[in-house]
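Read from first to last, the chains carry the letters A, B and C; within each, the first residue is number 1.
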């Protein structure tokens, strides 16, 4: 434990700013993964334990595309849409068969998918840790805000994720598609009775979730190491985010993700060895006090 | 002597809906009574409040003089209240026999024993007695989930009855049955009531059945008790006629 | 499938042990001995998971935490405390019961899939703790230096033959104990809470307490599976506490079938054979195993043991209707 460095950080604006930006980038990446998880759960009523796979696919695709073309925007698109396409195929081939199945079956199928895709990644990209490197555009000196360091890439990621959060909220709240999706979450039988194709809705929602996870992976590629097991650790963190925020709630995913992001960066100062543990303790506290999460409606 | 069940000023709202409004009723030990009322009148809610599934906003429920508001479902069961459900609530992988044996066992303070074997020998006589009384003996080895609808409702009642409750609440025992089956069902309920000498309160939609079987009828409408009395009193009650048939003079059929 | 009577099961177990002993005294086949030890470890773990998931309806995706915990706790006790093996076993049982009580209090209130992933999160916490507690556990290198195996009661577990017999014996003892639990009044109560927790509460059953007890019992047996593994490899590694252990457990009980008590044992045999087979042909173990799982899970939709049970009950029903027909014809 190193509470002194935590307190001395709180005493200086620059340190707080630096830590907060890092907290934000962790939180925003986490949000992109968690929001897909929570959407898929809210509407399809399955917990996609293999969601981390799409984050990994996004990262690897972005890495490959960036290294072959040198274009970062292209890499982002490849990561996002590549993951969405794979997701769509998986939804059609496997996930669609386990809607409404018992949890045992759902977990089993996801477990198999994780095993398969982790190995596929190893087969295609090799087993070692890879890194993509910072794209040239962002290789500029960091911005200083009140003496705190904010690398331009961090600001870019935070802006992209925030934009996605806003678009997502608008789509769900304002559009006809959003209305249908909300109705399908509430009463799927009613929606299909109205002649709306729920099969297509489900596939779209699943693919959208994968797109967000893939995009998160692509955005993470420049700042994290890319490796076959990378999907699972982000999966656990996003689960914790959804437990804290409440399953099925987008606002909950955002707040939960940011809380975890901050907990990780500030926790790293105060509890360098038990940083990960803090996250679990926080989750347990939320579960004990509010079992359905901060924004969850029904009791878990 | 204290009443088996005494309810005072019971109130419960869901958001804006007053599902139970100022209900006060007393049921004497060993009595049989029916609760009737239109759909959504608050009948199931009334049972939920008594059996501890819901907590009333206001009011008291006394079982043989003891206030049970705020007690857990388990504690309320121990005081002698049991219920059956509008939609049969069963243990789907259990056979009829095992359901009853397990239900008896749960009352023997043995339900969490790990070193003896299920079923405990003391359980079988009561389980068999109840199966016999409700005509389920021939289905003893049948899985609950494969029973016919009527037998599922019977098993639901049997599971409640097996624990020897002093007050038994039956939520629409004849729900979803054809006319003949209804009568057979209600006959069984009445026979069970006579033999067990317990207090039985049942909810029923079929007026013919209610008037033929229940010595006392309580009418619930929009969460309120609008009438309470013998079949004759109820038949003559203007508010009841209004509730069921609209305005008494204008629309009553000749 | 009608359950075997207790005395018959006991006789059967004695015969199996006797045969194994006879076999081992004629040939010292190391592959066979390894198989038996690994089977004992996996089958105890899988059966305990089935007690929780199959009988209790609590599909834990973190059951492996107790397997890993058992392995580490046992190995550490042996290394540091210098006690005899039975004492260390009892200590591990108590330790895992305590851990399960703490984790269980938080988890058993949660419904279905929430339960699954909160248990998974706890598993990852245990895993992370093992990695972080470097001085104690050796971190990602695992606990090395060997687990001492001092002889006790004339048994020397560093002799592989004796370890094999001991494992088989422990497996049988654990199976009997768990079978006792599921066929006791508690077992019936547990199944009631699985089928219809609400109705069980209306019968006066304290649902969460029953679930917590089952959680602790299952954890204790899982830890026994883990400590057997630690005895086998003479060490403990973070992989023992990794989430894949839980995933594998779920596959094993699914493969063998969740509706019979011995399904997970059958599943464990199949799983080990499958593992050995797969690793002989490819280094892409996950790819092969994952594909098999998908085929089994989505193709068969139930375990091999469930098929056997269905087939047997269909046959006995056919027999019964045959018999009634003949009696009708006779009268």
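By our rule, a contact is a pair of C-beta atoms (placed from the backbone, for glycine too) under 8 Å apart; a residue touches a chain by one contact, two chains touch by 3 or more.
Everything numeric in this text was worked out from a predicted model, so none of it was measured.
If you sketch which chains touch which, the chains link end to end in a single open path, with no loop closing it. With every chain reduced to the mean of its CA atoms, the largest distance from subunit A is reached by B. Comparing each chain's Cα centroid with the centroid of every protein Cα atom identifies chain C as the most central.
Averaged C-alpha coordinates give centres for subunit B and subunit C that are 43 Å from one another.
Averaged C-alpha coordinates put the centre of subunit A at 33 Å from the centre of subunit C. Centre-to-centre, using mean CA coordinates, subunit A is 50 Å away from subunit B. Those residues of subunit C whose C-beta lies close enough to touch subunit B in the complex are 180-181, 183-189, 191-192, 195-196, 198-206, 209-210, 213.
Across the complex, subunit B meets subunit C through its residues 51, 73-74, 77-78, 82-83, 85, 89-94, 98, 101-103, 105-108, 110-120, 159-160, 163. Across the interface of their complex, subunit C is touched by residues 41, 47, 49, 94, 97-98, 102-109, 111-116, 118-120, 122-123, 232, 236, 239-240, 243, 247, 273-274, 276-277, 280, 283-284, 287-288, 291, 300 of subunit A. On subunit C, the positions that touch subunit A within their shared complex are 53, 59, 61, 106, 109-114, 116-118, 120-122, 124-125, 128-129, 132, 243-244, 247, 250-251, 253-254, 258, 284-287, 289-291, 293-294, 297-298, 301.
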